[in-house]
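Could you have a look at this structure, given as structure tokens, before my questions?
So that you can tell them apart, the chains are marked A, B, C and D in the order they are listed, and the count of residues begins at 1 in each.
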Amino acid sequence: MWSFSQIANNVHEWLGRTFSPSMALFFEMVLAGIAVIGLFALLGLVLVIMERKVSAWMQIRLGPNRVGPKGMLQSLADTLKLLVKEGLTPDGADKFLFNLAPFIAMIVAMLLMAPVAFARDFQLWDMNIGILYVSAVSSITVISILMAGWSSNNKYSLMGAMRSGAQIISYELSAGLSVLSIVVLTGSLQISEIVHSQANGWWIFKAFPTVLVSFVTFIIAVTAETNRAPFDLAEAESELTAGFHTEYSGMKFALFFLAEYVNVFIVCAIGATLFLGGWMPFHIGNWQGFNHVMDYIPSSLWFFGKTFFLIFVIMWFRWTFPRLRIDQLLTLEWKYLLPISMINLLITTAIAILGWHF
Amino acid sequence: MVEEIGTTSEGDLIINVGPQHPATHGVLHLVITLNGETIKKVEPHLGYIHRSIEKMCESLTYRQFIYVTSRMDYLSAHINNHGCALCVEKGLQVEIPARAQVIRVLMDELTRIASHELWWGAMAMDLGAFTPFFHAFRERETINDIMEETCGARLTMNYMVPGGVMQDLHPMFQKRVKDFLVLYKRKIHEYDELLTGNIIFQNRMKGVGMLDPADAISYGCTGPTARGSGVRCDVRKFAPYEVYDKLDFEEVTEQGCDSFARYMVRIREMQQSVRIIEQLIDNIPSGDFQAKTKAVLKLPKGEFYQQVETARGELGIYIVSEGGTTPYRIKFRSPGFSNLSVLDHIARGSKLGDLVAMMGTLDLVIPDIDR
Amino acid sequence: MLNEALKAKITELLPEASFEEQGQWLQCLVAPKDWLTLAGSLRNLPDLSFDYMFCLTCIDWKTHLSMVYHMTSTQFRHNLVIKVKLDRTSPAVDTVSHIWRTAELHEREVYEMFGVLFNNHPDLRLLILPDGWEGKNPLRKDFEDPINMIRL
Amino acid sequence: MFVIDYIKEVWRAVKSLATGMRRTLFYFTHHREIITQQYPENRDTLNLPERFKGEVVMPHDEKNEHRCTGCTACELACPNGTIKVITKFDISPEGKKKKAIDKLVYHLELCTMCNLCIEACPSDAIKMAQTFEHSVFDRNQLTKILNNPGSKIMEGVE
């Protein structure tokens, strides 16, 4: 059957036959880099148009409908516009940090692509500490935001960055704790093992109540971590005009924008992998016929379907809820999410030890 | 670096909100002293859209000056025009036909609903919820269409003239208004689902911007701003004009004194306006829509003051006449100006995020403040 | 309280006050030096309690200026108009912004539009006009803007 | 009890959020509720009410005659100085001099569509047109002369 892993294997074999092993490895790395950058750009385009359409339909509008068929090329046109726009650097800005910040944001997003399992046996790097890597690297995002806010020499930017710092660091906790409950259940940090442990059912069904709670906590925490509404205090446009990227324009702004969407994609991918079985098809117990039909759907489709469903949920939040205030944001984390996820982790551990899950 | 970005010696941050800022809905300029996220002082700087309407009116005749007032509080353009027309009529001592009175009240209440719809959407947008804005505009557009059909314009109608209204109602008016009421009643519960009941929204509004009744009166707050603090200040009740004294409607007050109370006053006021429209829409008396007036109006020497209840509060029109065809001095006591003055008082000590909630519930319209 | 009773009460408070019988409400003429004491008693006496000043403005009569204060009581709903006649060359009157807080912004507006100085006003600066405005006060009758004057 | 109150609070919060999300999902799935009008495309079906105030025009009949007597009532009624009536004197066949308009100059850029001139006109010579696409590249094009060249006053209009 045609699949991503087969293509990857064919390419690998061909490179191994044609070049020396070290050259083959080099070309493979180049190819992987190109693939990641291509995916990066593609995701940006797709997610922007998706967000605009979702918001439009929720707001009884049509959304973009002029460029291309049904407006599908609108984000391409926007990218073109951003590319040719002048990138301004304010006079009082710290030029080096100001220009560095968007690149850090993007590099972090790219690094996070490494352990994501896109399809059956198709992964850039199946490291044995995959989950730890994701939670460690994703917290570097805050540095780029702080850097952007500080170096802009703008009071709005600075306040946005400070808010964002407080927010991301606090929400890391409950995101980490909710991820831990899956780690406890599987006993592994490796992404591929976590996916394989869900072959007979996704975790959200297998250990129903506790994993559902950690799933909800995870979704709330990652929404906050990616600075999306209702937790978009770093940008809070009615308070801080545009928050940390007030002074950015042109391509540098586009990089922030892109990094935000790619971060959303990655956290949703991690969520789908941990709770919804990654690329594992949907199986029901002993219904052999049904399970076979499900197996025919390619694993990459399963993965992207689940991920995009989670992305839709996050967009749904954004276009429904008003924004929280900074103190309420921290109250929500420290008084509600953190205790709930801690108790939940305890119960999950008990369930895992006692083997009370399916 | 810290000095460069503008701080006081105590380390407080001074930021300019406006004149171009997404939350000010116009060119309002607030200089805010912040300590961290906490507001220490709010200082309004006005005048970016000051057109000196009072001076302009001194050279316009009594028929002409009414249209300018649509440009003050453009969301209650009808009610502004209505107040001016009433004030001129008070000087001329003309009797307004019953039909014109009812038409005026109907238009006022439709304007009030339209204004509150816009406020609702814009305030939700200030708080970061974008969707309600478009939902509010759906109903508002219907009212605008009704206005367009009868008055010929959607925003600055100039429909009220001294002695009545400019044109008779459009034949389709009654049907369209009834259609609107059906639409409105079908959609009103969505407002509660989307915003009023939302826990995030309630947390953002409750206990924010406390304004106690004595301060509300002392600062000259009127309209829903003061009624949210339990002050009974509806001009339609204590100094009724036109047919308001014959109508059955409640003066909406809330005791909460906070932003949520002011929010609820406006939401409930829309329902009272619907109630007024329902009472009148089938009982529009026949007859003239305009009283006979002279071509050139001359007010007798003297002073005339008329209050009307706009969507934002009490609008006062004070005409000083020297007996000529133009006013000698005219003063518009605009509700927004007094409501703005309370902002500093209620904002001190709250968070920057609360400022937009407070500004939202004060319902500031900048041309109304600057005139 | 009816106009007659109101008149009697104010005469009792301030014998020099004179009254005008025109317009819809009782109008009372007060000298600038008496205004502050009268204002305090109008606001605070329990049977007057004019707690809500709804309009504060000034009129340029070419020979003199007159401040006009419209006030009402939210409790009794009786209205009163106070007029204070001011000298046109150097107009000055005591502020009432500590009695009615709404007067603070309104007095700033009158200050820049008519040039009336309010003694003891906490923050008498330009409010609407641009910073550094020089020249005449826009709402006075002899004001003419050399650039943007509207002529109809 | 504290824990029960805590759980109740969380439950109430989640319920209120779910209500809002149900409402937006309803609109997400019901595309019939969309109210967007696609403006340049719907130009043919766009119906402006007959009272819409777009621009002052002077209707002429097929004989190129209008109803304007040149009385300047509209000019006096206009609050902005939008209308200027330039009159001339026609010599009637009987040799009498008669006042008539030479040009009725209308400054669209100054007009606020307040309808006062239409109300003031004693002979119904001008009316509001329902046009609204007034953008031009040159401001001078907004100054219009309302009477057609060579037009004259209709018989019997005083």
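Simple rule for what comes next: a contact is a pair of C-beta atoms (placed from the backbone, for glycine too) under 8 Å apart; a residue touches a chain by one contact, two chains touch by 3 or more.
Because the structure is a prediction, the values reported are computed rather than measured.
Among the remaining chains, the Cα-based centre furthest from that of subunit D is the centre of A. Interface comparison, A-B versus A-D: the higher count of C-beta contacts falls to A-B. Averaged Cα coordinates give subunit A a centre that lies 45 Å from the centre of subunit B.
Centroids of subunit A and subunit D (each the mean of its C-alpha atoms) stand 51 Å apart.
Here the spacing of subunit B and subunit C, counted between their Cα centres, is 25 Å.
Here the CA centre of subunit A is 63 Å from the CA centre of subunit C. Residues of subunit C found to touch two or more other chains are 152.
Shown for subunit B are the residues in touch with two or more other chains, namely 60, 131, 138, 194-195, 198, 200. For subunit D, residues touching at least two other chains, in rising order: 17, 20, 23-24, 35, 79. Against subunit B, in their complex, subunit A makes its touches with residues 55, 58-61, 92, 153-156, 158-159, 163, 229-230, 232-233, 236-239, 241, 319-328.
In the complex of the two chains, the subunit A residues touching subunit D come out as 54, 57-62, 65, 316-317, 319-321, 336, 340.
Residue ranges of subunit B in contact with subunit D, taken from their complex: 60, 63-65, 67-68, 131, 138, 141, 148-153, 156, 158, 161, 166-167, 170, 190, 193-195, 197-200, 202, 295. Considering their complex, residues 1, 4-6, 13, 15, 21-23, 37, 124-131, 133-135, 138, 194-195, 198, 200-201, 203-204, 351-356 of subunit B touch subunit A. Taken together, the subunit D residues at the contact with subunit A in this complex read 10, 17, 20-21, 23-25, 27-28, 31, 33-36, 38.
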